[in-house]
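Chain lettering (A, B, C, D, E, F, G and H) follows the sequence in which the chains are written, and residue indices restart at 1 in each chain.
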Amino acid sequence: MHQSTLQKLLTALQEGKVSVDAVIERLRSLPFEDLGFAAVDHHRAIRQGFPEVIFCEGKTPQQITGIARRLLHAHPTLLATRVTPEAARALKKLDRRAVYHESARVVAIQKRSQALHGDILIVSAGTSDIPVAEEARVTAEVMGSCVETIYDVGVAGIHRVFSRHERLLKAKVVIVVAGMDGALPSVIGGLVDCPVIAVPTSRGYGASFGGLAALLTMLNSCAAGIGVMNIDNGFGAACLAHRINMLGEKT
Amino acid sequence: MHQSTLQKLLTALQEGKVSVDAVIERLRSLPFEDLGFAAVDHHRAIRQGFPEVIFCEGKTPQQITGIARRLLHAHPTLLATRVTPEAARALKKLDRRAVYHESARVVAIQKRSQALHGDILIVSAGTSDIPVAEEARVTAEVMGSCVETIYDVGVAGIHRVFSRHERLLKAKVVIVVAGMDGALPSVIGGLVDCPVIAVPTSRGYGASFGGLAALLTMLNSCAAGIGVMNIDNGFGAACLAHRINMLGEKT
Amino acid sequence: MHQSTLQKLLTALQEGKVSVDAVIERLRSLPFEDLGFAAVDHHRAIRQGFPEVIFCEGKTPQQITGIARRLLHAHPTLLATRVTPEAARALKKLDRRAVYHESARVVAIQKRSQALHGDILIVSAGTSDIPVAEEARVTAEVMGSCVETIYDVGVAGIHRVFSRHERLLKAKVVIVVAGMDGALPSVIGGLVDCPVIAVPTSRGYGASFGGLAALLTMLNSCAAGIGVMNIDNGFGAACLAHRINMLGEKT
Amino acid sequence: MHQSTLQKLLTALQEGKVSVDAVIERLRSLPFEDLGFAAVDHHRAIRQGFPEVIFCEGKTPQQITGIARRLLHAHPTLLATRVTPEAARALKKLDRRAVYHESARVVAIQKRSQALHGDILIVSAGTSDIPVAEEARVTAEVMGSCVETIYDVGVAGIHRVFSRHERLLKAKVVIVVAGMDGALPSVIGGLVDCPVIAVPTSRGYGASFGGLAALLTMLNSCAAGIGVMNIDNGFGAACLAHRINMLGEKT
Amino acid sequence: MHQSTLQKLLTALQEGKVSVDAVIERLRSLPFEDLGFAAVDHHRAIRQGFPEVIFCEGKTPQQITGIARRLLHAHPTLLATRVTPEAARALKKLDRRAVYHESARVVAIQKRSQALHGDILIVSAGTSDIPVAEEARVTAEVMGSCVETIYDVGVAGIHRVFSRHERLLKAKVVIVVAGMDGALPSVIGGLVDCPVIAVPTSRGYGASFGGLAALLTMLNSCAAGIGVMNIDNGFGAACLAHRINMLGEKT
Amino acid sequence: MHQSTLQKLLTALQEGKVSVDAVIERLRSLPFEDLGFAAVDHHRAIRQGFPEVIFCEGKTPQQITGIARRLLHAHPTLLATRVTPEAARALKKLDRRAVYHESARVVAIQKRSQALHGDILIVSAGTSDIPVAEEARVTAEVMGSCVETIYDVGVAGIHRVFSRHERLLKAKVVIVVAGMDGALPSVIGGLVDCPVIAVPTSRGYGASFGGLAALLTMLNSCAAGIGVMNIDNGFGAACLAHRINMLGEKT
Amino acid sequence: MHQSTLQKLLTALQEGKVSVDAVIERLRSLPFEDLGFAAVDHHRAIRQGFPEVIFCEGKTPQQITGIARRLLHAHPTLLATRVTPEAARALKKLDRRAVYHESARVVAIQKRSQALHGDILIVSAGTSDIPVAEEARVTAEVMGSCVETIYDVGVAGIHRVFSRHERLLKAKVVIVVAGMDGALPSVIGGLVDCPVIAVPTSRGYGASFGGLAALLTMLNSCAAGIGVMNIDNGFGAACLAHRINMLGEKT
Amino acid sequence: MHQSTLQKLLTALQEGKVSVDAVIERLRSLPFEDLGFAAVDHHRAIRQGFPEVIFCEGKTPQQITGIARRLLHAHPTLLATRVTPEAARALKKLDRRAVYHESARVVAIQKRSQALHGDILIVSAGTSDIPVAEEARVTAEVMGSCVETIYDVGVAGIHRVFSRHERLLKAKVVIVVAGMDGALPSVIGGLVDCPVIAVPTSRGYGASFGGLAALLTMLNSCAAGIGVMNIDNGFGAACLAHRINMLGEKT
């Protein structure tokens, strides 16, 4: 119920056109979100530049383009994750501005020149973790964060981490992506002072149990203050990093 | 190696008092941290007001007071977590300023009047989750963050969450503590725009498997961008929240 | 052994036509079900309109149509779940009345005009949970329950749930279908007074472990009185919901 | 906001004593639950006879009696589960009507003569499952359901189940409580037509893994339509059974 | 070292042709199995009619026929399990007597007329468990046991079990094959006095976790004295059943 | 209903003392087991010498002696497992013949001179597995089997197994009890021709996960035809071994 | 920073060409590895003959040959593991010396005549474990170790192990590869005095859970002093074995 | 059979005092270990200085001293692990030379002046891992290895590791002990060239699951060639390290 509707209703009561009981009845049946939640959603779109991200896993290209069309009607920006090449082609047909980030499996439609803010640093342990890291990178950039990446600096060659020590210290928030033993976030978490987000990946074999080993390592990190995401959830890491990155940037 | 030591060494070289080879030898055998890491640690102490937190689980009161004495020699502030009443008494004997937060099982020694910054909101689902929430609250406050708490607003009575909707929207970072089904972070993550940190607790029975159920729920949250901590890790949540909370506050 | 058979046997004994030992022997070797269980099965068919549902997973189209033919010989109604398109075509060839509910992967053969009773409400958290929800919907309708559905009202946009609050309150029994964090049943269980049945789905990735996360969430729900089904078991949820829904309806 | 308060406010508007804007402002700042949820809660209390059950695990006797005092102020009935003998004594001191069901670990305070409705049958597999079954029995009775119990009729002596076949067929809803192999619900689910609720217990050793074996058995039951509860959750089973049992009983 | 070799050596010593030290040296370096273990193997072949069974999973048709050729050189009987249709064709080419039991995925080569002994009864819960049951049946028959089968008598329709009560009581050993809830062995174990062997199958979905649910059920069976096999291990069940079945048969 | 009672009833009918309807009524209301199952149970008692074993875990001494008194009324033999010293004292007070096997935690009451049959060999890997092995030994002996034991012959010192090779070959059935790696049954299963029953024990630490490691080892044994019991289930192993051991012994 | 660079810098200071502050600044920003870690890496290449092994799983042939080209530029030797036939062809095109070890899925490029040192013995339990064993063999040989293999000597036919007893005793280090029950390392660990490395394989089915059963067996081995590798990690076993094998060989 | 016994027997044959058949009979019934295995054991005792280590968990002080007395009769050295203070007192009473290493929970009896060989370095991540590290240290020293320790150099303060870089490079074999995230072995494994043995500890809470997290981390280490031990198995690590350490040391 928009405020104008409420105003009309109460004015009608004031003017004696409706009874008190009728107004009570009307208020009682009022969907909650009409009062407040829709406003929240509106606020979100204004602030972030996109209202909803399409998670494409298990959806047909037809379903995806259907949702995309509806979203593009309301917003100039679109983000779709876990996009197959086939679905990417369908989205490109829908809107020529669509860019398919193949390794990240992300399709993005953006305004021409978006200002990027802050400083998110994404670090990956191995080359096979790069797709997850790239999902995070593209997501954060489309949302408006400035992102840099350092790839393939795993713990087994720890000097590769240390050669980037100064860069690490400058970041506002760091996303660390690692599979197998998932040990990299512990090392980086002990080096930096900024918030660290850890993303386990499903890369590995045997007792990695599809990323469970890396997940448990990160949850038990002896470096305090690391927030852990679901396995392979580069998108979620970017959402959290972007929220953190925007603190103190807005004005 | 403090900078002054290095300066003396190089000045001695400049003045011809030592040879180039002697300086190289000295630099080569130099522990790495003397160059860079100690500076990092020093920086950390200045910024956070305390260098190291004592995790007391599995340590005797004697060991704890031993470590505390050493730390208090260098720093005016001390934080110890998972403190038994017995160890708390020992710490109080060591330093009369020590305060035992019984529910949080935390002992803190602080300077008289510490300025608190930012706005961390800690929300707990049930009354039995309060000890973990309190560990987070005391930790964040001792670190210098301004903290407010909303306790016992579980998902089963979702209206309790909604009555605090406006307060939730104002927070700079939210810590959500929940056991059993661990569903509260998903609901709050969908309501707010700020970073959300989820802490599963071991509260529950049967198929909660010591907090595993809540942990998995949070990792799979359908609300994007929630960083998850280890089970019962209120301390870690506070560390991460404090790091986030301080962004844009420092000047 | 029907009662008449028993009566004849005992009368024969009374009349001296058979010996005591022969009667004892006959009673001893009597299959149990001849007394009561067959009657139970007959009763079941009369009451529910179909005697057995074909679970097609791991059966060839030939096996499925073989079983279907035998069942249709005795009953006018047929239900087959987890049906592949190929098996669906075979069933349609067998009986032209067969309808293939593709998303639900269910084939149903029904009498022309079946009266529907009660009020089952099926709620799904995400669009990818719809196939499981549809399996429940078709099953319950074929059994004779009146079903309505509310899809895609996940916890991350909790206002979508609240806008249906009144509809939820009117339902006689609610089935809640959710994957990923599986948090929706906890929220709905706290809103309604009627029986709630929760169905975890295998939708998700990483630490969802094929639906385990959602399953554990539901088992640990902080909303009391939620019955949980196996992962993806829309059929079972419908069976239980239908049994509940028919209470007080029969006459 | 009680309906009377709302009526007064709107009447004041009708009578010109307050402005439309003032009423809008008042409605806007209104906590959500004051509009709708409190009514829901009130409705719940009227219908069920008690508003909230105290889960005592991990609470001190002082905390429990504190909550109980507050609840008894508003309601004539009280239910507390997982009560230690010590907490039971404290509750008895608080209110002489309190009855401690020792095996069920439940304390109940009830009105003198409560009418019981419907027919819930609770079946347990072994004698060691009785405490969980008793928690269900006491809970359902305090809520107002008529309950009967059949204990110690496990699957290994299946004839014990069959000798109660007629009684099973008459029940409106059956709760089956079983530990170890958890096979009893499958057998009973195949015998009866009414809703069946299965409660795994933690009774067993070795590969029962604290009730996990029984839980998995029940979730995978080949008898369709069985709702499963958390391990040892007799209370939850009673809540669901009571909701089902009351269908068609209310008038 | 065959006995004759040893005899020659010792005779040579007796006759002064070799020294004591040389004999000690010879005995010391003697491979252990030459004394006793080869005899054990020989004994096994005589008793069972075949020395080794080919487990074909993960072997190429070439490897399988290679092993088969070597085995057939020494023995008139051959058993191969988990055989693909392609490998079965290769074995048929190798030896025209080869019979492919398709459902059981077993290839057997046998002597024309083998006498069968004892009485093994194989019971399966569902139709989808039949392949595992058939693997057991063919294996036991090829080994020389007399086998009968009762298929599709699951616990959900328990009367189907009871109608075979007399047959069950006559068996010398019973193999029970069941997937999903795996409850059938508990029921049968309570009815019969003979040894019961339980085989969980991987049939099921969701929380059956590939047969883990059925496996745990069987290990926790409340009917005492049931030996459990690995998931889908029909072959192993037949080996154990055959060993039991042959007790008291040998003369 | 004992056979004699049934005979009297039918004779009364034959003699015209009761009507056919009265007999039908009597038969109808008869608990099922009185017709058939009691006979089974009676048969069991005759064959095994005891009708039911008391599993004492989680029962008070009062409950245990209560059940024991009832059982001793009907049978001269009694077996109780997992008996605490306290419960053992209570049982000894009840019947002076009671013997407490402390390591096995078993109490047995037996007739003076029981003939023992067959040849069960119990082998344990380590000294800490002996209590489980002893539970099996006492159980099997009380049931009437002749038992011998070989303890502490683990795989790490495999020669200890081989020195008993001849004894192993003579056994009619072998029970192998092992914790930690649970490897002993695989070795023994490859040496003997008789049925082998494997019992994993919970002895071990760390990744033994309470016996899970040993359990999985035994289920995956590369020696075919080993029946596996639940962790620490010496009693169940004895039941199965005794059933096997009695084959060919009866008469 | 190579030593020469450092020397120039310090000489410049000595000669008054740069200031003390400039040198401090230079030293402070110096990447850590320039001081020490690069030297470590150089040392590694000299000692082992190859600097980095390509783990090919999840890499395209293009990526693999890209990395290989870079590595071959610096080193005469190359090792790539988990190589598909397609990638192997690409590597052969890149360098004609490339040899594809098909069963081991390894590609190796080596100098013509490499001296092999020490004595690594690789033992596998089953024929299906051979690919993992071969990965170990090829890896160790390319690294410069002398390797011998004994395949298919599983625990179920333990005499096959004993016939190689003398060979086992001579080895400097033994790698034992086993799937299914994973019992072989326990037996061999009890026979030999040299270091034993155990590699579980994913061979098996059902409760082998992809090698978990074998892994747990090996971790719980009752033979002391066995180092365990990840499931199927033949490469890692060879690395450790080679490091051990080279002790006392270098001169 | 000691060699002297064998010699007497063969001499008797040579001298015509016994027949060839009698010798064959004697040799045939000879326990295997008398020929070969006892020699192995003898060899082991000579090399290691002690034949068997008492694992005291689950043994009474009486049992422990009983075994110790027997062992001390044959050997001058004794090692007992997991010793409670009570058992330690009993062992000290038995032999005054017994030393109780309290933190390591080890009792050792040694010859006065034992030469120590080689260079084992034990590194622990946290102070709470020290008991496991100490178990390894005492064990290795009693066996005759020269051991040094570096404690509390966890990954979160990685500079603590690097300051010991040179010491790490000098070690012949490194044991790394770590709980929580278990990340330290990956870092150290990337720094050194010698064999690395990783021991996960059960230190931690929540999702460390009793050491499972650290165990999985180590098994999945991205540093190649790390041998992993069971959780808390400091003793086993020492056995393996000692075997490695002695290579090239003997003479």
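By definition in this document, a contact is a pair of C-beta atoms (placed from the backbone, for glycine too) under 8 Å apart; a residue touches a chain by one contact, two chains touch by 3 or more.
None of these values were measured; they are calculated from a predicted model.
The chains in contact with chain C as well as with chain D are A, B, E, F.
Where chain E touches chain F, the two copies mostly use the same residue numbers: shared numbers make up over half of all numbers in play. A rotation of 90 degrees, rounded to the nearest 5, superposes the Cα atoms of chain B on chain H.
Inter-chain centre distance (chain D to chain G, centres taken as mean C-alpha positions): 60 Å. Here the CA centre of chain A is 55 Å from the CA centre of chain E. Computed centre separation for the pair chain A/chain H is 51 angstrom, with centres defined by C-alpha atoms.
Chain C and chain F have Cα centroids separated by 40 Å. Among the residues of chain H, those touching two or more other chains are numbered 32, 36, 157, 162, 165, 191, 206-208, 212, 215, 219-220, 224, 230-231.
Taken pair by pair, the chains that touch are A-B, A-C, A-D, A-G, A-H, B-C, B-D, B-G, B-H, C-D, C-E, C-F, D-E, D-F, E-F, E-G, E-H, F-G, F-H, G-H.
Considering their complex, residues 127-128, 157, 159-160, 162-163, 165-166, 203, 205-208 of chain F touch chain H. Those residues of chain C lying in contact with chain E across their complex are 29, 31-34, 37-38, 40-41, 57-59, 63, 200, 202, 210-212, 215, 230-233. Listing the residues of chain H that touch chain A in their complex gives 125-126, 154-158, 180-183, 186-187, 189-191, 204, 206-209, 212-214, 216-224.
Chain E makes touch with chain H in their complex at residues 3, 6-7, 10-11, 13-14, 16, 20, 23-24, 27-28, 30, 32, 35-36.
Contact residues on chain C toward chain D in their complex (touch as defined above): 32, 36, 40, 43-44, 47-48, 53, 165, 169, 172, 191, 193-197, 215, 219-220, 224-231, 235-236, 238-240, 242-244, 247-249.
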